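Common to both upcoming complexes is chain A, partnered first by chain B, then by chain C.
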Partner chain A sequence: MTPYLAIIGARFRMLLQYRVAALAGVWTQVFFGLVLVMVYEAFYRSARASAQPIAFAQLASYVWLGQALFAMVPWNVDSELRAMVKTGAVAYELCRPVDLYGLWFARAVAQRTAPLVMRALPLAVFAAVILPALGLSGWRLTAPPSLAAGAAFAAALVCAVALACAMSTLINIVLLWTIAADGVVILWTTAVSLGSGLTIPLPLLPDGAQAVLRWLPFAGVFDLPFRLYTGALPAGALASVLARQLGWTVALVLLGRRLLARGLRRIVVQGG
Partner chain B sequence: MIDALRLYAHYVRASVRGQLQYRASFVMSAIGTFVITMTESVAVWALFERFGQLRGWTLPEVALCYGMVSISWALCDALSRGFDHFAELVGSGDFDRLLLRPRPIAFQLLAQELTLRRIGRLVQGVLLLGYAAGAIDWTVPRALLLVAAIASSACAFLGILVLQATSAFWTINALEVWNAFTYGGVTMSQYPLAIYRSWFRALFTFAIPIGCTIYFPAVAILGRADPLGTPAITGWLAPLAGPAYLALCLQIWTLGVRRYRSTGS
Partner chain C sequence: MRGARSGGVAQIIVEGLVKTFRIAERTPGLWGALRGLARRRYREVRALDGVSFSIERGELVGYIGPNGAGKSTTVKTLAGILVPDAGRCEIDGRVPWRDRIAHVARIGVVFGQRTQLWWDLPVIESFELLRDIYRVPPARYAQRRDELIARLELAPLLDVPVRQLSLGQRMRCDLAAALIHSPDLLFLDEPTIGLDAVSKLAVRDFVRKLNTEDGVTVILTTHDMDDIEALCRRVLVVGHGKVLSDGPLAELRAKVTRERWLTVDLVDADARVDEADTRLVRRAGARLCLAFDPEVVAPAELIRRITARHAVRDLFVEDPPIETIIARLYGSHA
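Take a look at the complex of A and B:
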């Protein structure tokens, strides 16, 4: 376990160096959050609010959680790994005396959590404290309705990180097939953005689409923890959420390991 | 001027040839951009499916705004790679080479690449306009206004990217700040400006005129009264804002170039 923890630690510290970039990112997320909240508010004022599956205050919290935890969504590949595959430097990765899947999973853990440390807290402060101070309390990130909802969210969030890392590692492994990777990554990004609730909060999609998306792995990263937070899903649903998250995590880890083993059997390192 | 155009055409030919060397990669990323942008428009459709209308605006009317902004951003994005990646030139010191060439620097940056894969978003925008077209009572002046508004918005977007490049003379760390205005401008202009709060409308009318160059012409093309109460002539004058903004941004750019000191590496 120690080498993997060391890798997470080293990557984590490296990613924490980009503080100004993170601050710029916070500003952009604040901006997008404001646009989305204003758009949804306008939609809610255009129809009977009581007919909606989720109250506007809950939706505003959903939007801000999404902005705060944006970096956790495994929609993109690890650009350093992509460069390694392209230049042939991936050969060094193969020489390391650790399990390659474990190594890449550890990289993914750092990639998905380091930005959270720098981005999530400032965004939460903006959405929960500064917005009400500006007289926009209707748009704010509200606290979970109960202690149970907060605890359920915390538990689901931890599993969401594990699931996101399993997804991240899987898509990074696909990069080994350099030629087909571009297309797969595009489809992946689309599926993740739509299925997680990043493009549009899942409760606002047509009911038929929701019924399907709820069972796919993508919802476990974003949508399900957010619903627990806002109380749109009762805290009692936690067991079902965790079962889905952990079930998908195990399945994706096994799939990732298989793909990696196959990829390594046929890999030809580029460059000389 | 003719000479500059001929040189630009030369650069574009070289850039296009270069990109077509990796044909599979080009086709894949063009299709990818199309798929991703179409998913975003499906999300807007889903919102209308649930809520019916948006403060009195129908889906075809919103599709007009959305199509206009998609096309103008795709055009700007295809032309502006030199400005978008300018920080890398400053960081590496390669900018010095541009300073030595006997052509305006803004011209050289514009001529760096014509990014073909942006065609994915262009196609999405055209499809949206096609969907919106049924709701419009077309006249020749309105069709011309549509073209002018798209060109004008592309100029306004280019202006933002010129400012982004200018800021790289001061810092190359915080460029993501500008995404709020480019990608944020695209997102917010998908919907009519009238649905936003007044401070937000003011920001996107005067400071960053993307809202101005999309929304007011769209109101005129649709032939409806502006809920914001502006006179009918506004939409016909709004396209002037884009080129004027670009000219202003290029002035600021010149100031930035003057204070440039090479990294020396």
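Take a look at the complex of A and C:
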């Protein structure tokens, strides 16, 4: 494990240096969170039907969780890795006596968790403490309804990180085919932000769309853990959630490994 | 010839290595770009076209050739990064790309144009990271680290983030980084590129000692012929994907040309010099350089003839620069 932990540690320390980026991120997420909560409130107030698929308080918590954990969404490629592929420095990565998939997965773990550490807590404090203090408790992030819901959320969140890292690693591997990976990333970003519930919480989507999206891997990153948190899914559903998350994680890791093995056979190192 | 040198066992065996790259061709201009969307045309570039050689443990071999000759492709194949289309390659009994992990644990690599240090981290942290990646035991690491710090004079650089290092400093750190795990085979791909004279000498001196004192096998690719002349007893010249020449520098010279160059500083800058059996290489004012074949005209005889006819301030005889030799070799294989 040592090499992989060392990589995670080093990348983590490096990413923690970007404090201004973290601050800007927190500000952006606060802004988006507020806008989304206000828009949904307007919808909920003007809606005639009394029965909504999810209570407004639950929806507000869902939105704030999404903003707090935004950095976890595997929507972009690792910029360092992209630069390495572009300049050919990726050759060094291939000269390390470690499993390359493991190495890149370790990078993804750092990429997905380091910004999280800096952003999630300030956002949670804002949404759960500052908002009510400002007299806006209707918009706030509420605590999980029960200890069981909280525990189920925590367990699902850990698996969500693993799933997000498997997704991140997969799109990083695409760099071996297209240097910039921009086209693939745009398609991917759309799929991830829609399918995870980042753009629109999945419970608000039409039933047909929900039925499909719920079985895709993206829901495991945000939607499923969030609904465990808010109690929209009972804590008893945890086993099914974990099974879906881990099932997809295993599938994506296997796919990533195959792609990487194929990519390495056709690799061309840029710049001679 | 190779086997006779020391009677040792070949550490690296390369036979008939072939590697072809497919490069997407693009017609210039907007129309060309649009057409490329519909139908891609590919051009095949044969980077390696049957490269064969073998290298013994403890050798220091120069691997030279023009841009695009297949140098880097060879190094990357030997390092287990690229998979060739055909041919055999064994290093210490392992096929690099098949036994990649076991293989790369025993080699060190420096690509001069890129760094393997972590850009934002202090140098020492990169070393520690490499210690963990190569699973070097702590005691061995401490000893090796101190040794490299002393030999490459890295002590003042250790706490500096890599991005703040000068190129020469960075290269010294990169050399240390490639050697943290004490490899017994080192690939150096243009280690002196862009370095000032002092840094170049430091790098050369270090590489020489690494080879002679520590017995590390070194494969050096470079465009800097001074590197080659200073370090390599054996030189492999590649061009057009093939090995054009393999042997000591003197042998390579002898093979290409017997020519020697006589440089003369005349007193009279306008004097006409039209010496038989010589070819004027260049002339700059009072200094002129004549090429001659010592078997046709002995140097002493030539000097006597010139000093008899002209007032000479200074003169010396030398071998044509190695660049010229190499360029001729390529020319004859074009």
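Throughout what follows, the second predicted complex is superposed on the first by the 266 of 272 C-alpha atoms of A that agree within 3 Å, B and C clash if a C-alpha of one lies under 4 Å from a C-alpha of the other, contacts with A are read in each partner's own complex, and residues count from 1 in each chain.
We take it that a residue touches a chain if its C-beta (ideal position, glycine included) is under 8 Å from a C-beta of that chain, and two chains touch if they have at least 3 such contacts.
From a predicted model like this one, the values you see are computed outputs, not experimental measurements.
Chemist: Contact-wise, after the overlay, does A:34 reach chain B, chain C, both or neither (first, second, both, neither)?
Modeler: After superposition on chain A, A:34 lies in contact with chain B alone.
Chemist: After the superposition on A, what does A:47 contact: first (chain B), second (chain C), both or neither?
Modeler: The first partner, chain B, only.
Chemist: Thinking of the overlay built on chain A, is A:254 touched by chain B (first), by chain C (second), by both, or by neither?
Modeler: neither
Chemist: Given the superposition on chain A, which partner contacts more residues in chain A: chain B or chain C?
Modeler: B
Chemist: Just to be sure I read the superposition right, which of the two partners does A:129 touch: chain B = first, chain C = second, or both, or neither?
Modeler: In the superposed model, A:129 contacts neither chain B nor chain C.
Chemist: Report for A:25: first if it touches chain B alone, second if chain C alone, otherwise both or neither.
Modeler: first
Chemist: Going by the contact definition given at the top, which residues of chain A touch chain B in one complex and chain C in the other?
Modeler: Common to the two interfaces on chain A: nothing.
Chemist: Quick check: in the complex, which residue numbers of chain B touch chain A?
Modeler: 24-25, 28-29, 31-32, 35-36, 39-40, 43, 46-47, 49-56, 171, 173-177, 179-180, 183-184, 187-188, 191, 195-197, 200
Chemist: Considering the complex alone, what residue numbers of chain C touch chain A?
Modeler: Contact set of chain C toward chain A: 21, 67-68, 72, 76, 79-83, 100-102, 104-105, 107, 109, 111, 113-116, 118, 120-121, 125, 128-129, 132-135.
Chemist: Given the complex with chain C, which residues does chain A contribute to the contact?
Modeler: 2-3, 5-7, 10, 13-14, 17, 87-89, 91-92, 94-99, 264-265, 267-269, 271-272
Chemist: Of all residues in chain A, which touch chain B in the complex?
Modeler: 18, 20-21, 23-25, 27-28, 31-32, 34-35, 38-39, 42-47, 52, 179, 182-183, 185-187, 189-190, 193-194, 199-200, 204-206, 209
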